[in-house]
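Please find one structure pasted underneath; my questions will follow.
All chains are identified by letter, namely A, B, C, D, E and F, in their written order; residue positions are counted from 1 within each chain.
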Amino acid sequence: MIDKTYILQSSPHFKDKDSVPKIMYVVILSLMPSFLTSVYFFRFRAIALFVSCIGACLATEALFLWLRKKPKHSLLDGSAVITGLLLAMTLPPSLSLDRAVIGAVAAIAIGKQVFGGLGHNIFNPALVGRAFLQTAFPVAMTTWIPPAMLKVNTVTFATPLDNLKFQDAVAQGTLTSLKDLFLGNIGGCLGETSALALLLGAIYLFYKRAIDWRIPVGIICALTVFTGIFWLANPDKYASPLFHILAGGLLIGAFFMATDMVTSPITPLGSWIYALGIGIMVGLIRLFGGYPEGVMYSILFMNTFVPLLNRYTRPRILGERREK
Amino acid sequence: MPAKSIRAEYLKGLWQENPVFRQLLGMCPTLAVTGAVINGIAMGLATSFVLIFSSLVISSIKKLIPSQVRIACYVVIIATFVTMADRFLAAFFLPISKSLGPYVPLIVVNCIILGRQEAFSSKNSVGRSLIDALGMSSGFVLALLILSSIREILGSGTFLGHQVMGAWFKPWLIMIFPSGAFITLGILLAIALVIESKAKQRR
Amino acid sequence: MEVLIPIITMGALSFLFSFGLVFAYKKLKVEEDPKIEEVSEMLPQANCGACGYSGCRAFAEAVVRGDAAANGCPVGGEEVANKVAEALGIKAGEVIKKVVRVLCRGTQDAAKNRGVYLGISTCYASHLIGGNKQCSYGCLSYGDCVRVCPFDALYMGEAGLPVVMEEKCTACGKCVDACPRNLLELHPISQEIFVFCHSLDRGPTARKVCKNACIACGICVRACPEAIVLENNLAKILDYKKIDPETIPDIEKCPTGAIGRLRKDDEG
Amino acid sequence: MNLSSRMVIVLTSVGLISGSFLASVGLLTKERIALNRQQETEAAIVTVVPGTTNSQIVYEEEGFTVYEGKEDNGNLAGFAIYASGTGFQGKITLMYGTDSSMTKIKFLTIIEQRETPGLGSKITDVEAFLRYWENKDMSSSLTLHKPAASSPEELAPTEVNTITGATISSEKVLEIVNLSLERLRNLKKEGKLSSEEQDAS
Amino acid sequence: MKTITFPHGIHPPVYKEPTAEKRIETMAPPEKVFIPLHQHFGAPAEPLVKKGDEVYLGQIIGEAKALFSASVHASVSGKVLAVDGYNHPLGKPLLSVSIANDGQDRLFPDLQETKDAFSLSPDEIRQKVKEAGIVGLGGAAFPTTVKLSPPKGKTIDTIIINGCECEPILTSDYRLMLEYPEDILKGTELVRIATGAKRIIVGIEDNKKKAFGLLQEKIQDYTGEIVLLKTKYPQGAEKNLIYAALRREVPRGGLPFDVGVVVQNVGTVKAIWDAVSKGKPLYERALTVSGNGIKEPKNLLVRIGTTFQNVVDFCGGFEESVNILVMGGPMMGLSQWTSDVPVIKGTSGILAWTAPDPSIEYTCIRCGRCIDNCPMRLVPTQLMKYVRFDHLSEAENWGIQDCVECGCCQYTCPANIPLVHWIRLGKNQIMSSRRRKSA
Amino acid sequence: MELLALFISAILVNNFVLYYFLGICPFLGVSKKIDSAFSMGLAVTFVMTITAVFSWLINHLILIPYGLDYLQIVSFILVIASLVQLVEMFIRKISPPLYQALGIYLPLITTNCAIMGLALIAVLNNYSFVETVIFGVGSGLGFTLAIVLMAGIREELDLADVPEPLKGAGIALIVAGIMALAFNGFLGMIK
């Protein structure tokens, strides 16, 4: 009578079709507009940087998986590709390839694998890689070239935020126009030049519900309020909030970096605090800090708070009464 | 406690009980001054000087000190030697003294020193304390040397100020920074553990 | 004069603070367990915090309270650990050494699987949904006991049953608690005869799901009725001491091998 | 002897002994250390006011000292101004020299700094930074040339160069110098640089 | 039409089409039945018969001695073959009474009809429900007498009749509502009398509009209202249903009593009506046999103790490729290792299908879906980690005991982590360590 | 305003642990649990404040007037060691709950280089009395922030698949390294 072998498992016996690789590939797809625009703006350099970053990330990941005797499927789950892609997008187009490779190795090795691999890392791996490079090669990481389309014949070129910080651009009236910021006719990291491309990707992410909407909204609101106060108080000295939102790495940070599921809070309240923290810190660094741009540091800084935020913002369980 | 041979007593400080890699003591100077090899060596020697002499003094007068004030007495004795080292460096090796900054006076609170006094010198004979102090010092110097070599070579491309990496090499400034120090030491600790567990398996 | 001032300063400072300390010891002393002091004395006093406590004294207090293990000081190493343990005076007295025994012979070959178990690879998890073996009483072979053993005294044998290394076992009982089917029991090391089965199934069912199960045939009971009984389809040794050594060969005639001596090959 | 008195006596005597040790160490090294400090200052003065063989303080206040440097023959070689202020990460102490008429900055040297190694710390680098300070007009405030120029010729007489990647450190040095120049001009106006007036008379 | 619901939850595919329009067929009793004495939440019943006894249909064969327990009745008439361990849907052999059916269905003579059931006192109703061995038929099999006896000091103001049937595939409750609306409403009235409640709410999900319309019509003759709930899983979970219908939160670790509510499944109230008015004990129940592994999916009225194999044979047998057999719904049902297990009071469905290949398990990437979907507002991923790394006290602080194991978290987990299994593991470990401590 | 800047800089920019490498031993040792890390942080803040007061007094009332700057090390350490011991006993006598929360961490603090470092750095930077106290409180809070963040991360890492040899101090140091990178963002903000 007992002739069939059944599957024994705990309930539930149904499962929707989503999986980790699918989420990862949604993110990769959403980065494609920015990828294409950066290739359009920086031509061969962009491709070379993307290839070397992604390649180095995959190779490092494979090395660690082999060392730790882990199943190979994690290599193809797409997370290493995203790390490489995001890292490349935050690099200046003029960066030499060997340095990019160093950054990629650092991103996967000390940003991710030392913690145990995907899901265990505390800090955003791509940003760890970038912070590593920023500290290791500060000059190379702040040397910019103009986009290929501009046909400007200068060796060095300043980003809109450099102008703002070091050239007193508001007072001089040389602030980059919002239109250029939006379309991407500016100097800067590969992926952060065109706000339009990033927004396209972000819309796709929202559509696919692959990110927590609270985080980008919180960051942008906090930054708007923070810079808005100063701008209203003294528009001759401070740039408008819209400039701050479109310039630099804010959009890529808010939509693609801060929303990294592994390193952002899991609770709704935690997400709000985290996002506000990032927004305010970006404002602080841009307005008063030593660096023209602070998105990377802000996200890394708030990453350190995530375990505490998760712990102290546990949602109220149904029926739970909390003492006031 | 079975009496160890002099050799074993000395060698334990180098590896099994290496203050930095195995006991995680004296981390502050280990991290702070190892940006350059010369600083690491100077720090190691200064610490050794203090460790050896305070071990000598404390093991010889251990019976006189009531236990309630022993910590106070120990720190005064240690601080005396630290001041000597500090003044000596300031007088004869000004550049090193400058680059070590407040970390020379801070030898006084290096856990290695007070720890060895409490754990060893206050309970053992003068001779054994001396051997122990020598062993620990060597272990400490060794650790500083390893860490500072890595940091200087990668961070500035030099060793003891001499260019060792080719012109192609672009120094990784991060290695001179606090973050580089932390990360390097973290990785070194892991390597030490791997070596130790391999050695254990062989035994 | 230039020499005197520093000497006087230092002397005065030391005097002042020693006076303060004396005063403190006289007036502020808090009575406490002298053992804490004793243990504290043995520690390295590096106050490094490597033990996870806030200093050597805090660690000593924890040890005396029983919250921390005697070997919790990584700096002191074994020497200190031994001394501390001695000081705490856990005098063993004359206790018969016990070891843990695995009372199941449902090896991979003997006990069939129920189906394709898809779930967490621990015995407890498998047990929750009825277990991966057809026998509802036997070992599930996922090694929960092996994982909890703090002394590495157990390992998962090739036959799919945990094997005890007698010399390493301290009878701490962690594995006993870990087994969801209560197959591990502590017994004096001298005991040789065990019932290696917990199955309450009736004979035919039991035989169907596991070749080595007790089928309650009663051969052992007939061999040694003073010490062995059948209860709920299972043989049970009521009193080990009453087993007459001469009856052991008869007991070992068990057709499935569910009762008998420890075997060197499967019990380590 | 009871415990309390033993505690007091032991600790006090340890203190006394250590005090006497330290007193002797202090005495032995005091001169040498003072000498070191003096040598350091003198070396800096010689760097910024070449030809100086002896120098003396003509004006001193917190974080701001003016030395006058004289040549072998007693002629005034120039003034050395010691100034300090906050940099990107910590205190920066520097010294610069002027010609005898206080119209031009001759040289600049950094005595102490805690700027970012390899980046801000390039303010001590002659090639990258210090050589751009030679012969600058000190009658008005100096300004920074941005972005960095590649040779001193590109700069106006009142301009100094930026270090690539360390704009803030460069700015801070400039700020310290400008502030002290301001003070110097005021002092000159008030005639408080006594020694110079003597020479002029 | 306005619908109400609760926050969070999921929308799994429902797959109700194969059986939704099939009337409940009565399956003839098999030759042998195996009636476990433990079919409910609480202590097992104690056997009253022994091998060789002759029993009648509906005769009590297991008596509930403890407070949380339920009596068990013979579902056929015939001879007791054995009182011994037999396979049980819970996965381990449990004490069962096996009876050889003599095919006569001789009814137990003690069973009596009540003419005017509505004039009984609450205590009489409770007594009859207890005698009939009625338990919650939604799946959890909680003894109904306990639910009808609010503890002192708690007043019941509302009765909620659970007609959600939010589990996919199952349709037997839906059929009951269509075929026995009067019995359901009458049973509800009895519950109202027994508990002294004032208000009756019947909750039906908006994918069962037909049942809603029918009951809406019938309820005119009774007191009570019918509400339409938005189709969402787990709408039928007690605490969520109460929240959806009344916006009341059952306190942590509490029961619906604590907010003045009693929730009864439609099948249960029908059984109450049958027991009180006709004197019929709970010896058969309606269930759904479905899934793509069953040749002819059906809704059936089956005697307790019939083996799954018998039931499936009645439905044309298994498809060849079947590899998973589940008792209950696909979200909370128990997977079975053999079809040789009896139907018990809590068997709301017998499902069989061909499961897809197991998917690869990844590590948690903290996407937060489990948190977004948890109807109890827990943090399943954190609970899973605490259990996995043996931080059980932390897991307790994070509310592991509040988990209702509805499976929403695991359904949506992109990393395919068996979250429910981990949480069940943690809950059980906590309970067993507590037992050890108290022992 | 200056004082506020000094205060914030002591917490974030010139963080004792991440910038000066002071107090690493307790930072690694007592950062396994958030609760004990927080208590440790408070205890350090408390002792730092006291030390700042006393070291300034001794330095400016005794050592500087008599030109005894070379006695700084020995007199500071003597003050710290004795004071900590006195305070510990005092707290223990008057408030056992406070002792449980704070006091048990005090002995560990004697050899915490952060305390001695505070006294020395305050002297080095020539702070006035008020500045020294603000610096002391700020540095203490900076230490607390760093150690509590670290403890939060380490509790999280308890639930992670960290490679065996990196477990414990190894991963803690790497985390500290990345934290130091993140804190770099504050560079140049104040001072």
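Note that in this section a residue touches a chain if its C-beta (ideal position, glycine included) is under 8 Å from a C-beta of that chain, and two chains touch if they have at least 3 such contacts.
All values reported here derive from a predicted model rather than from experimental measurement.
J.: Could you run down the chains that neighbour chain C and chain E together?
T.: Looking at chain E and chain C together, the chains touching each of them are A, F.
J.: Determine which of the two chain pairs, B-D or A-F, is joined by the larger number of C-beta pairs in contact.
T.: A-F
J.: Looking at C-alpha means, what's the farthest chain from chain F?
T.: Centroid comparison gives E as the farthest chain from chain F.
J.: Just give me the whole-number Å value for how far the CA centre of chain A lies from that of chain C.
T.: Comparing mean C-alpha positions, chain C is 49 Å from chain A.
J.: From the mean C-alpha coordinate of chain C to that of chain D, what's the distance rounded to whole Å?
T.: Taking the average C-alpha coordinate of chain C and of chain D, the gap between them is 70 Å.
J.: Just how far, in Å, is the C-alpha centre of chain C from the one of chain B?
T.: Whole-Å distance between the two chain centres: 40.
J.: Got the chain A residues that touch at least 2 other chains?
T.: Correct list: 5-10, 110, 114, 116-117, 119-120, 132, 135, 138, 290, 310.
J.: Chain C: which residues touch two or more other chains?
T.: Chain C, residues with two or more chain partners: 5-6, 9-10, 13-14, 17-18, 21, 25, 46-48, 50, 114-116, 118-119, 125, 128-130.
J.: Which chain B residues reach two or more other chains?
T.: Where chain B meets two or more other chains at a single residue, that happens at 24-25, 68-69, 72, 76, 79-80, 83, 87, 111, 114, 173, 177, 179-180, 183, 186.
J.: Could you run through all the chain pairs that touch each other?
T.: Touch list across chains, by label: A-B, A-C, A-D, A-E, A-F, B-C, B-D, B-F, C-D, C-E, C-F, D-F, E-F.
J.: Report the residues of chain B in contact with chain A in the complex, numbered from low to high.
T.: 170, 172-175, 177, 179-180, 183, 186
J.: Quick one: which bits of chain E touch chain A in the complex? Just the residue numbers, please.
T.: Per the touch definition, chain E meets chain A at residues 10, 12-13, 168, 239-240, 243, 249-252, 254, 309, 318, 322-326, 328, 330-340, 355, 359-360, 362-368, 371, 375-379, 381-382, 398-399, 402, 405-407, 410-416, 418, 420-421, 424.
J.: Mind listing the chain A positions that touch chain C in their complex?
T.: Touching chain C from chain A are residues 5-10.
J.: Quick check: in the complex, which residue numbers of chain A touch chain F?
T.: My answer: residues 68, 110-111, 113-117, 119-120, 122-123, 128, 131-132, 135, 281, 284-285, 288-291, 294, 296-298, 300-301, 303-308, 310-311.
J.: Which residues of chain F touch chain D in their complex?
T.: It is residues 68, 70-71, 74, 78, 125, 187-188, 191 of chain F that touch chain D.
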